[in-house]
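There are structures below to look over.
One chain, subunit A, appears in both complexes that follow, with subunit B as partner in the first and subunit C in the second.
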Partner chain A sequence: MSKHLTYGLLLSILMVIAPHAEHLPLWVSSLCLGLLLWRAYLAYSGGHDTLLAKRADCGNGRPVSPPAPEGSAPPCRSDDPLPKRWLLMLITFAGIGGIAVNFRTLFGREVGVTLLMLLAALKLMELRKPRDAMALIYLACFIIITNFFYSQSIPTALYMLAALMVIVTTWVHLQAQNIALKPRLRIAAVLLLQALPLTLILFILFPRVQGPLWGLPQDAYASSGLDDKMSPGSLSRLSLSDAVAFRVSYNGKPPPRNQMYWRGPVLWEFDGRTWTPGRTALTVAPQFTDLGQQTDYIVTLEPHNKTWLFALEMPDKLSVQATLTYDFQLMRKEPVNARLRYAARSNLGYRANLQEATRQLQRGLQIPGQFNPRAQQLAAEWRANSANDDAVVRTALSYFNQQGFQYTLEPPLLGVHSVDDFLFGSKQGFCEYYASSFVFLMRAANVPARVVTGYLGGEFNDVGNYYIVRQSDAHAWAEVWLKNQGWVRVDPTGAIAPARLESGLSAAISNTSALPFMARNPPQWMRDLRLNWDALANQWNQWVLGYDTERQFAFLTRLGMESVTWQKLALNMASGLGVVIALFALFMLRHLIKRQPDKVQAAWLKLCRKLAKAGLPRAAHEGALDYAARIAAVRPELADAFHDLATRYSALRYGADRDEQARHEFLLRAGALKI
Partner chain B sequence: MLTRLITRFRNWLFRPKIEHGTVTLTQRRIFIIPTRQGFMLALVLVLMLLGDINYNLSLGYVLTFLLAMMAVMSMLHAFRNLAHLEISPGRADAVFSGETAQFILHFHNRSKLPRYQLCLRGGNGEAVGHLAASSLRGLRESNGDGIPTKEQLSKEIRAGKTIGHIAAFRLWRQRNSNRRITCFDVPARQDSVVAFPLAATKRGWLEMGRLTLYTEFPLGLFYSWSYLHFDTRCLVYPKPLSDAPLPFGNSPGGTGKRSITGDDDFAGLRTYVAGDPLPRISWKAYARERGLQVKQFSTPVGEELWLDFSDAPDRSEDEKLSRMARWVLDAEAQGLHYGLRLPGGELPPDNGTAHRDECLHRIALFNLPQQNVPLPTPYP
Partner chain C sequence: MSQSLRDVIQQAEKIILGKPRQIRLALTCLLARGHLLIEDMPGVGKTTLAHVLSHTLGLQFQRIQFTSDLLPADILGVSVYQRDSGKFEFHPGPIFAQMILADEINRATPKAQSALLEAMEEQQVTIEGKTRALPSPFFVIATQNPAHQVGTFPLPESQLDRFLMRIQMGYPDAQAERGLLSGVDRREIVAQLSPQMESSELLALQKRVREVFVSPALLDYVQAILRQTRESARYTHGLSPRAGLALLSAARAWALLDERDAVLPEDVQAVLPGVVSHRLQAVGEYSKQNSDVLVRELVEAVAIP
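Coming up: the complex of A and B.
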């Protein structure tokens, strides 16, 4: 009996801590699993319950249950199978010590979560009283919340709902230990289902406070996606990820795919291997001229814990607070650590910074002189043979096009002279190789150039009518500054694998490569399924996870609530909850209330009341015929009529006779009797 | 002044009244307050909400609201668990002083809703045993810290008075001070028979007193309860002396001859019927899983004997009555024809359980003021 309660608690804890195993240190996961298995074994081998052991019966307790004779009381167990207190203390302190060493701190969210896991597993080891079980149930609920730090997707939500169901079932079990599994499950399900509409009201109307209430530790958010550093291999690694970077829905016709350059970090400085943004004090606003091809769109950016936003080149309007830097990046003050939705307008046709500061042009020419001598020599040749900068760019592109370069996700390793090794050696690389070497060649040929990283293209979801841009769409390209043209985008990848620009990664790279699943060409039905799923996830993100103060305001205004205030929200919430709870109460209690007795009985009872008024009440033990006999003795004038009625009543009420005619006859006669 | 106001408030709220016959637990009779676990959950929920706000966890909000609303719904469930139950008092077989009286209560559940984990507690925290009509299956106990002594309880009540009799607070303390309680279920559309034990300490009538029927089902967050105060009472015979030879020869009506026909002759077993005296239950048979059986004895017919109050050599009245109770038992066991002579009345010699019970009845109530059903007492 109690053994099963212990199993229920074990399952509850296991279900809520299992998803954490992914990011806990391995030894913590193993320790927790070990403790759980140990506890399960103790419960299994314990024979009878260790939980709720009848300790009061040992020694001082009086026997309370009267039918319990001597010797039939459960034997007093002094040998508690659970581990001794000192052993648990030892494990606890060793665990905390281990965590302190592992994380080098005892503060922060990650450490807190790890400690909570350890605590839950250890609490199971001293599960003796109902109070301990209650504490474990609350702990399990709390651990569910910590899971939401890491994922709030639909599968996670469903999984946690299942875990909650297990927890509530165990909770009910704790209150009534003899109740079978099926009614237990039913009661838990009823409670959950009844709570759902109330939860919906609360979710919509509960006033949202924009967090955080207190400073969050630095490890509160995981960062993913593009970095502001680029070295050989960094983008091809990113391309292996199916994760969504952001979703875009266009207002109106989307631009052609090869124009969807989502601009991210701009990299200026090269140390021979890695490109970085570098430092500059310049705060000049960019100047765009000859703008054309306006495109309006809405981006839902997944949190990446970086300060930049993505926009099509070149943005001139944005719905959130951000600045456009001198090198055309959109920067926020705070890192994006929650899903962010913004509307933007971009001009696909532009001339950028026709006038550029000399200092910037100088920055755009710097290369580390000691590296890549052959590339520098090649650039010098091009410079000598070209009339202007434009011609140098064209020469370089045709060079990439004609020298047998290959576009691949798995390029061979490069040496110290990375550009030389690539250009004259392996000739195999991903976009960052081409962008990097192209910019290097331009700078060596005295053409100001820089690397731009971001995303290119995306997958169109015709279910939700939006584009999904994944990490596998990460891209790097180059920008050169040409007289009278300003900064011009040059994508050397297009010279090698034009398909990458036109239709995405899968077209440019054969299916056998280690591409992420979605970047390949899956069968159509799978694609449809996936797109449907993503459309659902998008709605989920927008309406459930992204339901903040702003959304709440907009939604309630659309529902017809004028001027949303706290007071109004509270009032609506209280009345909404009140109405639903009252309806539930009505529904739940209605069928309990005793029904009216049937007409025959009602007529009989009325008759009895009349007689009682006349001083002849029916005794509680008296049957209808006995009563009639007594009445006959006292009131002979009633004897025949009443005896007839009593006989009819007995037949109708207790006999098999269900004749409608007889019922009617009885009612008529009962009504006619004068007392 | 304040105490009086609170007493009036209580009398209005709880309407203490001694009842007769079947009681239906209507809405007005059921009260509900949160338990300590309920307050704990509230605290946990506040912590969760702070976490949700701080980390902007939408699903965290959902979980917090879901738990809170489940708690609210559990209040309705706890209320419904008692609602519209019908309870009628059964008989209470006479016992000897020093034994435990068993007050039988019948719980009728007319609805299709099974009632789980109902618990009964007397005014002083007596635990309750559950006798299902046909077997003891389903008997179980939840555990606690044991029953407090009378001193502890009276101390608590005094402490409660100085604080000012906040009803909920007192109840809560009482409840937590004696958690060792036996609980029972009443399945859908069925009846349950529950025996409520009360220690019989002195001869005369023993009132059942006010009982508290309560439940914390389904989540233990709310304590919903109702008071039951029936006019049921149990006759308590004086405790028979352990050894007292029958007064042969010194009574004028007796022949002085003693015919030894042997002690209780074991005559066999029969199936247990609710209300049978517990010492008669054959636990050996029960242990062999043959169900509850009751031992039966045959008593052969013997001689005639007068049991006279004035023949008892003891000094005090109570001791004399104890001796007479023993005489009655022994005389009946030996199959004698015996009569009872008390100051102010006598019973002619006879034999049989009915005669024995009548004798014991007279002995039990001898020289006691006429006990009527007491008037409703103000709370508590």
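Coming up: the complex of A and C.
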């Protein structure tokens, strides 16, 4: 029996540490696995059931058998198959030393988790008494929490629930060794189900504290996303990722697809290969005029560890704190390292910065002169042949359109003169190639221009009625400053592959095999499955992971709680928990609750209390007639009346007769008796 | 209660002086259709009690003196070859009577004991492949010397369970003993006793016992007692459901003797020592206690609901 308990504990520990194997150092994972296997082998080979034997023989419980005769060695010491203490100490210190060397520290979350794994595996090696098993069970529960540092998805939660089920089953086993597996599972399931209402109350009402207490450290999130640097290939690489960047639900009709430009970092400076935002001391507020086509929407942004937010061009209102920079980026003070939900309003029709500072326009003209001479020459020709800036832009777009450029995810490598190589050599590129060379050409032709990166479009999820914007939707385009028009968006990609704007990446690329799965066109059922799953994940994000103070307050207000404060929350939580626990207790102890005594019995008990006050208490086990006989001996004056009452009471309580008249008579007489 | 029953008690009390409780318990046992085990020293009136009951109740009486060389055939009977008819003829043993006094039952070997005990349980005996019913009413009073006396085979627990009650006679008090010593020879009086009752009347009374009312409140009490014996650490094991049934039927008979048509907790308490003292075994330190004390503690531990 106890062998199975050991297996249960092994399985519990294995289940909770297995997901960690992914990010633990390989040698720690192997060591833990080795220890687990060793312990399993010991349990398998040792016929002697260690745990139970300790309990019975080492005086840890009520002795069942008579104590062993003097002289025979106590069985708990002699044939203990577990490794000796010094060996465990050695492994422990070696392990801790190894971890210290590996991480160069013994502090921090990563190291803490690693140490915890190692110690949990080692604790299994000294599993002797029920107390050790208990410690392991608590440890396993704690390790469950550490798993959520790394993933908080629905599958993880379900897996952890399964692990919890195994742990609780093992725990039930520990408490009652003689219960079979099936009823044990049932008890565990009932326990977990009983915990459900408590969990719900705690989840809904537990005051959420915003800030560092609950915020997870930065490295909690893999940060693959849009960067504020752009070089040839950086966006096409990003396009290979299926990961969700953010989800959007529109209030009202969504704008057309080719208007869904989600503005991200704006890049000003070019070093011949890489575009960067550059530096400026300018803090001028942007000016928008001639606004139109208002659109309201809600964005749920996945954490990307960067300070910028995404909004449709051009944002007007925002529900969270952020600044709109001079080049129309939304910036937060802190990096977004937790899922962020914000409502925003954008005007798709706009004129931006009709008046622009000269310094900005100067910045928008700078190019590294030593690179790309052919491109500079081409731009100079255009300049000479064009009446105004507008004409230069049009010339450039028709150039892209007519010179046989290809839109591809796998462009050939470019040399030092990246723009020249692209324009006159390979003529194959992804959006960043076009944006980059277009802006370069504009600047060379003396038209102020800059690169804007962000996302374009998204996939509509008709299950949840929202758009999913993935990393594969990453895009780069250009902005030029024209007199009387301000900054105008120009998307050179549209000149080569208009389908990219209208219907997305897969329509624009001829060879889709390199694309991430979801950006291709998967079969309909698979698409439906994925969309359903994503809708579910979205709900999970919105309501479980994203349930912060704000949502909590909104939710509770909708439930009818007025002016939510945290004292109120605590109070409600305490009373809610109290009520649930009291209900369970009542349910479980219902057989202990005494039935309400009926009138006759109540009158009799009252009579007994009266007599008790007079110094003649009835013993709990004393029958009415015996009591009457005892009273008669001490208080002869009461003898007749009381004996009469006792007889009547006995007859009423134990007799077959349910005569109302007799009951009434008894009640009258009992009330009338003077003591 | 019928006049005749009252007469029975009266007559018995005249002969067995100072033991009204034992007489009532014996009658209770009889009315509840159980068998009685009397355990005490020799010479305290066990046999006399049996004699008195059989005479006054008008039952056929047989006495079997158990000895260590007693054989089952000595109890049940034996087939004997008849020379004139050329057939075996069954000669019924002493068991074929309405009231059996099995004297000093623990002096016989277990084999002989079990022959009697099986008959008690089944109310029939099977001899040479033929089942023969025993007369009705059928009542066994077994007497037994205290187990620690020399040359006894104590009855095992399972056999003890066949007896509805076990009572002890005890020494008579001074006044009763005086009456005993100064009075006429008991055997003479017993011989002169006249039956007060037909056996059909006894059967009717036994039937009435089963009709005595038991309320839910009383069942609560009985269950509480059973639970107490099972949960308490004092006993090696709790009372069985059969013991619960025995307790209830004995309490019914006691209530009838008390001229009531419903069982009271007092009735249960009155028969409790007789019914449970031979079924309960105390653990460790408690085993040295008198069984009466043990039962009294049991009574005091259970509140009347």
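Throughout what follows, the second predicted complex is superposed on the first by the 493 of 675 C-alpha atoms of A that agree within 3 Å, B and C clash if a C-alpha of one lies under 4 Å from a C-alpha of the other, contacts with A are read in each partner's own complex, and residues count from 1 in each chain.
Simple rule for what comes next: contacts are C-beta pairs under 8 Å (C-beta built on N, C-alpha and C of every residue); 3 or more make two chains touch, one makes a residue touch a chain.
Everything numeric here is computed off the predicted structure, so don't read it as measured data.
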item: First, second, both or neither for A:175, with subunit B first and subunit C second; value: first
item: First, second, both or neither for A:589, with subunit B first and subunit C second; value: first
item: In the superposition, subunit B vs subunit C on subunit A residues touched; value: B
item: First (subunit B), second (subunit C), both or neither touched by A:621; value: second
item: Partner chain(s) touched by A:192 [first = subunit B, second = subunit C, both, neither]; value: first
item: Subunit B versus subunit C as contact partner of A:653, first or second or both or neither; value: second
item: Common ground on subunit A, meaning residues reached by subunit C in one complex and by subunit B in the other; value: 620
item: Residue numbers on subunit A that touch subunit C, as the complex places them; value: 619-626, 650-651, 653-656
item: Subunit A-facing residues of subunit B, complex; value: 21, 24, 27, 37, 40-41, 44, 47-48, 50-70, 72-74, 76-77, 80, 83-84, 100, 102, 110-114, 116-117, 127, 129, 131, 136, 138-147, 180, 182, 185, 195, 197, 216-220, 278, 281, 283, 287
item: Residues of subunit A touching subunit B in the complex; value: 52-56, 60-62, 64-67, 69, 72, 129-130, 134, 138, 141-142, 144-145, 148-149, 152, 156-157, 160, 164, 168, 171-172, 174-179, 183, 187, 191-192, 194-196, 198-199, 202-203, 206, 209-214, 216, 220, 338, 544-548, 581, 584-585, 588-589, 591-594, 620
item: Subunit C residues within the subunit A interface of the complex; value: 213, 215, 217-218, 261-266, 269, 299-304
